[in-house]
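One structure coming up, written as structure tokens, with questions to follow.
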Amino acid sequence: MAGILQRWGVWIAAAAVILVMPVFVTSGFYITMLNQMGVLIIFALAYNMLLGQGGMLSFGHAVYFGLAGYTVAHYLNGIGEETLPYLPVSLIPIMGGAVGLFFGVLIGFVSTRRAGTTFAMISLGFAEMVTALTLVVVTFFNGEEGIQTDRWVGPEPLGITFGSDVQVYYLIGAWCLIATAAMYALTRTPFGRMCNAVRDNPERVQFIGYSTHRIRWLAFSLSSFFAGLAGALHAVNVEHVGFETVGLAQSGLVLFMVWIGGAGIFMGPILGAILITLLNSNLSDFTDAWYLYLGLLFMTVVMFARNGLAGLIVMHEPIWKIKIGLFQKMIVPYALGIGSTLLAVAGAIGIIELAYFMSTRTTAETITHLYWVEIDAAGPVPWIASAAALAAGFAACTRTYPIMAASYNGAIAEVKALVAS
Amino acid sequence: MSTTAIELRSVHKNFGATEIIRGVDLAIEQAKIHAIIGPNGAGKSTLFNLMTGLHPLTAGSIHLKGREISSQAPYDIARAGLARSFQVTNIFANMSVFENIRCGMMWDRGYKYSFWRFAGRQRDLTENCEAILQQTGLTSRRNVPAGLLSYSDQRALEIAITLASGADVILLDEPTAGMSRSETTQAVDLIRAVSDNKTLVIVEHDMGVVFDLADTISVLVYGEIIASGAPEEIRGDPKVREAYLGAEVD
Amino acid sequence: MKHVMKLLFAGVVAVVFAVSTQTAKAVDTIKIGLIEPLSGRIAAVGKDALDAFTFAADQINKKGGVLGGIQLEIIGLDNAMNAEKTTEQLKKAVDQGLSYVIQGIGSNHAGNIIKFIDKHNKRNPGKEMVFLNHSAVTTAFTNELCSFWHFRFDANVDQKVAALVTQINRDSSIKKVYMLNQNYAYGKSFQSAAQRLLAERAPNVEIVGNELIQPFGKVQDFTPYIAKIKASGADTVLTGNWGPDMIRFVKGAVSSGLDTQFYTIYGGLTSSIGGYGSDAKAVNLKQVTEMHENHDGMPDDVHEYIAGYLAKYSDTWYADRQRWLIYMLAAAIDKAGTAAPIPVAKALEGMTFDGPLGQVTMRADDHQLQMPLVVSSITEKAPKSVKYKGNDFGVAFSTDGVADLAATTLPTTCEMKRP
Amino acid sequence: MEVFLFSMFNGVLYGMLLFMLASGLTLIFSLMGVLNFAHASFFMLGAYFAYQISKYVGFWPALVFAPLLVGVVGAAVERYGLRPVHRFGHVAELLFTFGLAFVMEEVIQMIWGKVPVPYDVPAALNFAAFTWRGLDYSAYRLFMLVVSVGIFVALFLFIAKTRVGLMIQAALSHPQMVQSLGHDVPTIFMWTFGFGCALAGIAGVIGGNVLGTEPAMAITLGPIVFVVIVIGGLGSLWGALIAALFIGIMDNMAISYDIALFPIFAMFGVEREAEGIMRDLVDLTTGGIAPVLPYLLLVLMLIFRPRGLFGTRDV
């Protein structure tokens, strides 16, 4: 029993959380957001098969996501008009996966001969081409209007119509779990291990009998399969597929998710997809500068946290596994470091918000709210206060980060000593 | 019985207008340790790169156990049973030592690109890896990320990966480069220990190592083999003395 | 790794629980959702709409609101010009129990909203929603794709092209027309409407070129197109271009000395005029709108309204239809005696309103507002110059001619299904 | 024949603008191996700076100071942003510049708003220099041509004659050798990056008033510039020149001649009365797909000749 829990605990917990979530979340908006989250988790994990597992930076993976979405939308419409054979909506994602796989095999063959910058540029070229084609091949893409569809089609087994969002939620939840498990399993297979080997050292891989092209191609194809699966679920969820689903923005978004979450860690993309979707859905109601914050967050992670936010968590794993009590000594240094970071961030947000307010305001009004305080953005006080917070926070960071690092290193050293003894 | 493991027939290689390898003929017998020596820039590494398929030949041919492998892709040559190590350490730095070795082993054991079975569940892989860990003295470092190993352990891992491939012809490119005296001794012992029934071709600068290990030696100077033979013959060869060894050999 | 996952789940559960317990506030106002891009690259357009609608609602509220004292409130819902977010915001509107949503920027999003609301109203009887479209011009929305739940307060592409063609026909100097349009649904519908209406109403005018370009700023250099226009001997260019495609076209034409007239729908958008820079003074460009500030003979209430708007926002009043939309909605609510969507929708059918150029009518057959339109030129000579975001561009609109109701009323193919 | 020459000439005008943008990018790549995704954003920054400066002191000072400012911003970005990322490898650098492009667009919107700004061609050059086939060619367009040719010549001499130029040549053929050349490499990197950005800034100053200065100008032009330097061969100045001219001319030819593509599809069995997806292919012309052609070329080039026309090493 304990063994089963040890082994399957995470998956059981995940299934349980997915199962009970709609009990707490009743609002349609948040259900839609969760649905989107599920779709993007699959897409982010698929993307990470390329970036994190295989070392291929793509600027155009949304192509496979979107093409599958378009196909599925057409198919659902075909079912609705009874011109195409019936396929249960719950199995539609497999069809999307097949479409993704098809294009992945095709385009992957030519684009995966090389990794690195060549691969990135080819992916960009294909993305631009497909985006342009959405306006040329109108019959399939229907231009900027995209394809509308209706997921409530065909027979209704057990009364499941997918009319309600909660039913779609469970569909996406189930597929999300299956796809995540499948992609996790893939990393443990000989192929998965060779993917990492190709990422780390493509030259050496050739000398142990493997063709780097074949491995990348296979990784690309499988990744496109899961991207297609996600795209199909997206079409079922939103009931519309438009040109933005194949475009650079969508590819960039998934790249942001994966890298911010942590490309080097399996859980990273999941964390990234959850976080970015949450912020994307909620933060844009509060601030105009949301994209700026997203970009700055991404750049910060690129510069300072190679393994993303998940990496920051995982680096503490040895401590809680070996002796969780060590955290006690770290509380004060961490509080100092995080506190000074928050101060600096608060100052920066203040300045950005003020600047955005001043540049986008449409009236002569200069009174606004910053941190729930009414201020006059034209006056110097809020600017000076924000700049002071930023400067003080920054100065504090330069002092407190070494303390934080020292306490971390101390704890890790202690853990090592414990392990050795 | 002495058959030829690897044979080079009038191999030429040009880079642009420069001729690096100028007609090399070489036959290396099976289950022997063969060293290639020569001054810097003589083309030793290039020769290795030609044999393992990193660069295509300009002219000539290379045969592995009687089968032509000239200008084939590196992975095809590796599958045919020829493995190599590198002069500059060339391992999978982010993976554990165990994983490095397992990756080296998978093609040979028929796992190829399979994505429908778990690598960790394959007992034959695990057992063989453990054996190689034992053989190369890396057992205690089994789960350490390869990038964090000490230099000499990384060199040992280089050799372990080549061993894992199950190839019976192994090319070692300066296996003791940059090692201390005692590390070199260890490395020599290791090479000797793993050389059972395998053909080893070694490029090496350390003459002590060469004369200690090699059954036969070839001297490469400016892209040509000027002498080939047993260590004593080479030591006594005046051409070699003149061109290369000078006062070193005594 | 497993711990990471547990932490993750704990975090998600906490966040979701927190957001789900936010409860909707009690309703003593009628809330109207405005789904527009309020963030991202074209947020400025969305914010202008939000300002305009908020101002219009304020005017109603100042006069005592609707139903004897109930206030109107506009709620901005940001779709970031993205289909997914549009759907998300529609769900949010459903959550908040909104019966009315307004949108207009992007026909693709408008199409989504029509489809979404059709499905929603079918699946949730008693919780119907009505879509008030202020600017999405795809003609099909009031033809083959028409819906009882959709009302359009802007003239559709065909109506606007009809006004342009009527004006072209009045100018006897126009002999050869070159058409250049964006290669997507809107550009193509402009193209086909223009071909049809030119043949019907201006048979003497010859179409000497008919070009489709890659839309959305993909064309950097318009010189080859301008060369072809020049070579064709055209005296007039008829184009539906907007945004960067319009700006680069005009800048290229002016710098190449192309001296044709430009008949456009969106050439006079304030943001485009800013983009032309000093070329705005050089180009002979005409636009079609429901009004403009320098038009003579507009009723006083329009002038008062504009003056009130300018006192608060220093931008040119460009889209008077946004005022009509709110005023007609308020009138319909009062007429129906309830804010419930179905009676209000029925009250809107056939409703009239006194617009700046005369009476406008919400045609019951297809829910397309029937209105006169005015074709105007950009000129330095007219009094009230175009102002936007603190810039005065030094040019203004001046009327060339009005296309009356007879000219802009076109038949519909709509077969309306009423509840 | 005249149409041909005419299209050639227009193509050259457009191509030289692309070259100006691409030259800085290819310079940066030569030395640092960094494909700067944000390059077009520096172009945009140059246009906005020029707009702001010319508002107060006119176009000519802007032509000098705007690129200088852009160069300083670029150098600062290298020093405080790119340099710490350098040790993580080229993918991280590419990611950094990708994020940078995103952030720069937002910051520019924050400062100058989201609508186009009225940045004009200087009045002194805004007259027709000559007329050909009824089209006026303003003195400003000739000025653009002169500046871009000047940049090419100056860069060519810079690379051939100066120490840093020689270092760039060395870096291109032996990237790992740069560190051992004994110069103050980080400082040279910083100023090369700044210099490359300043070149983009010049392109912004003299292109922004022709193309329109608005927040989306970077994202619409950026990918094309990549196409230019990848097709030309990364790090090759000649390649960038030839590829830029080629793309400019191809674009003009495709639109001027507007050849129907139906015969090509017909070879694959598409019929004139085709239905379904094929329907859309029947009426396609080269003009209709002109903006797609560079990307098609890019993909083909990378598949068949990854080092580009004049490249010395693979992308």
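In this document, chain identifiers A, B, C and D correspond to the written order of the chains, with residue numbering beginning at 1 in each.
Here is the rule we go by: a residue touches a chain if its C-beta (ideal position, glycine included) is under 8 Å from a C-beta of that chain, and two chains touch if they have at least 3 such contacts.
What you see is a predicted model, and the numbers here were worked out from it, not measured in a lab.
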(message) As a test of understanding: of all chains, whose mean C-alpha position lies farthest from that of subunit A?
(response) B
(message) Need the CA-centroid distance for the pair subunit A / subunit C, whole Å please.
(response) 35
(message) Counting only Cα atoms for the centres, state how far subunit B is from subunit D in Å.
(response) 47
(message) Quick check: how many Å separate the C-alpha centres of subunit A and subunit D?
(response) 31
(message) Taking the mean of the CA coordinates per chain, how far is subunit A from subunit B in Å?
(response) 44
(request) Among the residues of subunit C, pick out those that touch two or more other chains and give their numbers. (result) 43-44, 183, 214, 218, 389
(message) Touching at least two other chains at once: which residues of subunit A meet that condition?
(response) 132, 136, 138, 291, 360
(request) Any chance you could list the residues of subunit B touching two or more other chains? (result) none
(request) Take each protein chain as a node, join two nodes whenever their chains touch, and name the resulting shape: line, ring, star, complete or other. (result) other
(message) Going by the touch definition at the top, which pairs of chains touch each other?
(response) A-B, A-C, A-D, C-D
(message) Looking at the complex, which residues from subunit D come into contact with subunit C?
(response) 6-7, 10, 13-14, 17, 105, 109, 113-121, 126, 128, 131, 133-138, 140-141, 209-217, 220-221, 224, 248, 251-252, 255-256, 287-292
(request) Within their complex, state which residues of subunit D touch subunit A. (result) 35, 81, 84-85, 88, 90-92, 94-96, 98-100, 102-103, 106-107, 109-114, 219, 223, 226-227, 230, 276-277, 279-281, 284, 288-289, 291-292, 295-296, 298-299, 302-303, 306, 314-315
(request) Provide the residue numbers of subunit C that touch subunit D in the complex, in ascending order. (result) 41-44, 183, 211-214, 217-221, 223-228, 230-231, 244, 247-248, 251-252, 255-258, 270-272, 274-279, 388-389, 391, 393
(request) Could you please specify the touching residues of subunit B with respect to subunit A in the complex? (result) 52-53, 73-75, 78-79, 83-84, 86, 90-95, 99, 102-104, 106-108, 111-120, 161, 164-165
(request) Enumerate the contact residues on subunit C facing subunit A in the complex. (result) 1-9, 12-13, 15-17, 19-20, 38-40, 43-44, 47-48, 51, 78, 80, 82-85, 87-88, 91-92, 94-95, 106-108, 111-112, 115-116, 119, 123, 138, 183-186, 214-216, 218, 312-315, 389
